[in-house]
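In what follows, structures are represented as structure tokens.
Same chain, two partners: chain A is paired with chain B first, then with chain C.
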Partner chain A sequence: MSGLEQWNWYLDGWIIVAGILCAISSALLGNFLVLRKMSMLGDAITHAILPGLAAAFMISDSRSSLPMFLGAVIAGILTALFTEWIRGFGKVDEGAAMGVVFTSLFALGLVMIVQAADHVDLDPGCVLYGAIELTPLDTILIAGWEIPRVVVVLSIVLLINLSFVIFFLKELKLSSFDPALATTTGFNATIIHYALMTLVAITAVASFETVGNILVVAMFIVPPAAAYMLTDRLGTMIVISAILGTVAAVTGHISAITIPHWFGYGSTSTAGMMAVAAGLLFLVAALFAPRHGIVVVFIRRLILTWKILAEDIIALMYRIEERNPQLKPDATYLREILFSHSVPTSLTLRYLTKHGQLSDANGNYELTETGRDHARQLVRSHRLWEHYLVEHAGMSAENIHKQAEKLEHFTDRQLREKLNEDTLATDQDPHGRPIPPEEKTN
Partner chain B sequence: MNTKENPTSSQQIELSPEETPVSVYDLTVAYHRKPVIWDVSFEIPPGKLVGIVGPNGAGKSTLIKAIMGLIPKASGRVQIFGKPYQKNRHRVGYVPQRESVDWDFPVDALDVVTMGLYKEIGWCLPVRKKHRARAMEALERVGIADYAHRQISQLSGGQQQRTFLARALVQNADLYLMDEPFAAVDAATEKAIVQILQEMKQAGKTALVIHHDLQTVPEYFDYVILLNMRVIDHGLTEDVFTPENLQKTYGGRLTLLEEATETMRRREQSL
Partner chain C sequence: MRPFVLVLLFAMFWPECMIFAASDHSEVQSQSSITDRRIDIPEWNDWKRVFLLEDYNTRIVVFGTTLLGMAAGMIGSFALLRKRALMGDALSHATLPGIAIAFIIATGLGLDGKALPVLLVGAAVSGLLGVATILLIRNMTRLKEDAALGIVLSVFFGAGIALLGIVQQMKTGHAAGLESFIYGKTASMVASDAWLIGCAGLSCMLISILLNKELTLLCFDEGFSVSRGFPVVLLDMTLMGLVVVVTIIGLQAVGLILMISLLVIPPLAARFWTEKIVNMTMVAIILGALSGMIGSAMSAIFPNLPSGAMIVLVATAMFLFSMIFGIPRGILIRKLRRYELNRKVNRQHLLRGLYEFLEARGRLKEKQSSESTFVPLSKLLQMRSWSPAKLKKIVKRAQQEQLVVTLQEDQIRLTKAGLLEATRIVREHRLWELYLITYADVAPSKVDQDADAIEHVLEPEVIAELESLLVQQSTEGVLQSPHTIEIHQEEIKARHSSRRRST
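Right after this comes the complex of A and B.
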């Protein structure tokens, strides 16, 4: 049972199209919510449109779309306004202000709906999950084509959001990055803020009845947050967020109709699965992002640890050679001095042998010419640093070894030359050992 | 010191308002009814490098923000070249305090400098090649053209400060307001900034610079405003940067004025 045998290009196709339109419209604006550190405001506005819908219904006494739409958008904008006011007057941070506003408004909305329950068919389930599965059923005729109403509405929203981001990219960038400069150079940051909030409200309302609260909130924040980790260019971030939203919409719907079948259940909520898919994409981004990804950072740290161990080994070999040229140490001997574990040590020794820095004669190691060159530079860095630390940082000779031990791994030739200029007077480190030359001398 | 009675009488040479880069009259700014700067008045002659000096919490950043209209004034008046800020803001360049910048924002150094040209480009129009070329020139001028495409958190403290200086430069303003450009920079950057300030001065521009290092004040600035909630004194560095004035500015933080404010605030809270 895969669930895919019930695939219907007409039905499933339109559902996916609606999902993609909603995902991209939301993600486009979401980038700026994330960058302005007001991700919660997307959440708040999406929830707070509920009383707007209810109030519009009560006032106009009809379920026609326009008053409902206007009511919801106004409620959304009011959320942004109230949040600003409460933050200003109440001396609380933005998160707390939003929390106060949107929970109150959402609760008010619920109360109003229950009050009007006899004639409204807005039920909480629909609010949360929407009814994306019903998308293909409600169509309108455009130029001879039967197109789902939702798809038409979301296409218009996407077009508006896309033009907004394209035409005002400069202004959005400036007012998000530096509202002070924006305002003082005549791009009123407040106006741009409320324009953005209005579009957030419109997008939320338009997506609301199809995909529900959860997906809108997820699509506002999750794809941009993931994209933020994957790049450090704004344009790229916007494009990636749109792609991630699309991927989440497609995989979300396919998973919704397939995965439950593997376990013998019927299809689950498409909107819910789209949000889950977005969450998974975020997780992947968090793990594997090129600069800050958890896995990448872990691997980088591992490589560094091994590099340092390798350098410690050859520097130690150099020092052993210095004192007793006859001694050809084995792995255990080295390990006891370095306090290192056996597996990494033997792996590192094998690596060094393979890369021609050490030669291995039945478990007894010796530096090769290349290895000795490298080791001499490390020992030189170490002893130059020791000298520097005593002379210029005023440290006593007993405490400098550890510091120098760390610094030697991050010292290149240029830095060594600078250090050398400071220690011209001597060729000995504070412990009385010679500072080896940069180049080999015969 | 007689500026409080008569704001203009301390000026040796009378300047027409259009020639005066900044004039501030009886400016008071308050946060939650607690005054941060009180009754501040001064005028700045053109073509001077002006240091604003005072202890922490003296209201230095507040003064700059109030001049730019970023925070509301409780009372008073600010004029830029004889007109309200809004009318002459195209003549003002601004370097923000480094703490106020979101360094993780996905922009590179060149992007940041280009922002200084947005006003000139205008609403909705895209950034063009010639704008990027000009931004690049400014980066060259501050000596970090090689780092133009680094994301701003990948720059050193000095390079970050130079980036924002370059942004102020492309604005091609007549008056520059800088909030601690010398904070957390290396010696080379400090020298570079001083060099650029000197070039600005030679080009007849005025810079208002918040500065913390008292040692370098006489070397860098030819005009000083000593600020501690109110203006302790202002004028040519050699006239006003005296031990007595510094004592007044930095010593005895709890001035009578502050004491009164504190009492007022406490009484209000207990109501």
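Right after this comes the complex of A and C.
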């Protein structure tokens, strides 16, 4: 692959490590943002920490971590507070209140940073989309190892987030799904809320040098959202989101180096490509997730439609046989009665013939013995339901057909027996047609 | 009209405020160690030049941003009420890849890649793509709208950043110009751009004026507008389309990160000045125009500050002002109203307490000057959960209003006016109690509390209606209390117990 010739295990290794650390620590918290429907509050906080950062730079004149974290945490909590206030006073929805708070704070921060830019090593671009490529250059010595400062900071943040999620998993879970119950069981859901917001702010600060404070939103939200598509269990979701974040970080960096080379350019922004990689992972998850994926849901629905069509066809065949045993209907005849389209009908007919429920004599169809058994059960369900609806639900005979038509597809033998017991002993449905027996009698 | 006048006054004083703020700013900075980190305060001549629009360039920029602010204020009002504010945010972030791709394609075709119309078409296409993606994610997966917004916003922005990384390496791409779309740079606006912005903004405003009724109905009662046969989906799409257009034309001046603020802040600030949507839209238009105008003028004076941020900060200042001082809905006026209501409630409680005390002992008819009309404060304290200090305060205020007279240390007496007022209050209280008993079937022992809550806000018309409703009862003069008054009860109890003790 072109572009990888300049691969340098030292530089690129550290870049990937920083990316992974950032992705995992964000994804850990992001799960709860997504579950609590607060993704945009995460976005707002990452924007709004800017003035906190800038003030910390101006006061301390350095990029030392402590003032930065303090400034950002204050700004983050203020965002949540202000949003709440404006929503209360202005009586508007949370989104609009957020829109006011974070854009104002961001604008303030931007002006402050432009002011500080000449003196502190900081420029707005770096704040917005990070400078992960430069991280290996700024190192500190720890136990004889030269480790990039960002990696150290991110590791600490990762540890904090991990222990928060592990120790407070029960509380987080409860307050995410049922804040009222959480409050009644004796711990304060509000405190958990603000603790989460504080950690989001801290993580955003730690990440702003790697992915920048807009793209950290991608790390917060996209992997957890993808994980949410893939599983129904919180624990699994957290693990999957961390894995997806890692994959996004690695592929993001590699594609930032390689893909532009295919078009004859040098490498592009790793942070941007990390977001794109995460987006692609989400796309795959959203489309092909085993239970909730769009494609899977679509196919499942399609199969159900065809199954119902197949059942409708053989039930119709049974009724035709009942009235006129000589008539051997063809596809067009069936379609006219069922109002079905030609392609699904012919496909379903072929399926039924292949599975031995229908026999095909030059385009004219007839029920086989198995088909007749199946159809008898369906018609029995249908007519039992009609009977039941008239007798117990007090519906008039004109309206019951549609209901019974829906219910017949989901009625098994047990339910039929129950219906038979509950309705008066009769072998005629309300329209005067015989209710066929469960088993073939003669 | 008052809000408008206030806004105008505010606008007149605004530049002074800003000088003030700027000098404050530099003061704070000069306290920190690096000395030369200050904004150069421009000379008076610079101010004059900018605010009198003497430069051709400034005139263009101010014209463009003012129209932009007006259009954004108007469309934003509807978007805000329709709860689509953050959709605009995601939309504006999603325009970045479109801008970069439009530049690459146009340059590849040998056109001028930096021409504004070309870039804006790209921005519109990818912005719409972003909105479509949001709708798809929201409607077809189990994720909610917030996650959909976050995903689209960050992924599209990331793609845009990655593409900008490539654009910067292009030989033709002196692509620094593209980055101005992120933070906004009014300085790069030329006359044709201003005309484009102006025309697009005006047509947006025209459309929303024409569709005013429909959009209002859509914002407040979607179900009703469906039932009246309005094409709701089409209207919704129109509104989204207007938001898209305003966002796109605002990119150059405000930048894509902060564009949302022009759509949200002026309407939300206007919300504090009025309860009517027409007025709200008008105020939002004015505030939007002012923020555009003043903000771009500021960025002309301080050329190194990003114009988007300046426009937003101006809008924010107006928002804060509106939130605090807004007339029907601002914080101050609401606090004041509550304070006045509290005072009124306390006064009425005091008067009613005095009246009931006297009534229970049959001393109402006695001469005002006679000793028996004096009421000791300690007795009043028993009637309500007042602290002695609070009661003193209330009595003092009532004295100022000449409703009561303090005679000795702890004795007060109703004045003539006080007695009249007290009679009225007690009458209203008892009318309501009677109403509750006759019409709402509330037990007589419960009505006192209910009436207590509502007696202070009964309008004269309500009283008249109560009178006519309860006409069979004797409504002349003060009614008998339908229940025994507590202090009376206590005394009877005390008497009983003492008698029991004595026996």
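Here are a few things to note about the model shown:
One rule holds in what follows: the second predicted complex is superposed on the first by the 411 of 442 C-alpha atoms of A that agree within 3 Å, B and C clash if a C-alpha of one lies under 4 Å from a C-alpha of the other, contacts with A are read in each partner's own complex, and residues count from 1 in each chain.
Following the convention adopted for this analysis, a residue touches a chain if its C-beta (ideal position, glycine included) is under 8 Å from a C-beta of that chain, and two chains touch if they have at least 3 such contacts.
None of the values given here were measured: they were computed from a predicted structure.
In the superposed pair of complexes, A:173 makes contact with chain B only, with no contact to chain C. By the touch criterion defined above, A:183 lies against chain B but remains apart from chain C after alignment on the C-alpha atoms of chain A. By the touch criterion defined above, A:237 lies against chain B but remains apart from chain C after alignment on the C-alpha atoms of chain A. In the superposition on chain A, A:228 contacts both chain B and chain C. Using the contact criterion defined above for the overlaid structures, shared-chain residue A:136 touches neither chain B nor chain C, since it reaches no partner. Counting residues of chain A touched by each partner, chain B versus chain C, the larger count belongs to C. Contact with chain C, but none with chain B, is seen for A:278 once the two complexes are overlaid on the shared chain.
Looking at the shared chain after the overlay, A:52 reaches neither chain B nor chain C. The intersection of chain A residues touching chain B with those touching chain C, taken from the two complexes, comprises 37, 91, 228. In the complex of the two chains, the chain A residues touching chain C come out as 34, 37-40, 42-43, 47, 58-59, 61, 86, 89-93, 95-100, 103-104, 106-108, 110-111, 114-116, 118-119, 124-125, 128-129, 214-215, 217-218, 220-222, 225, 228-229, 256, 260, 263, 265-269, 271-276, 278-279, 282, 286, 292, 294, 297. Of all residues in chain A, only 35, 37, 91, 167-171, 173-174, 176-178, 180-181, 183-187, 228, 231-234, 236-237 touch chain B in the complex they form.
Put simply, chain B touches chain A in their complex at residues 32, 65, 68-70, 85, 89-90, 92, 94, 96, 100-102, 105-108, 111-112, 115-116, 118-119, 121, 123-127, 151, 171. Of all the residues in chain C, the ones that touch chain A in their complex are 29, 32-34, 37, 39, 80, 83, 85-86, 88-89, 93, 137, 140-144, 146-147, 149-151, 153-155, 157-166, 169-170, 179, 182-183, 257-258, 260-261, 263-265, 268, 271-272, 304-306, 308-310, 312-313, 316, 319, 323, 329, 331.
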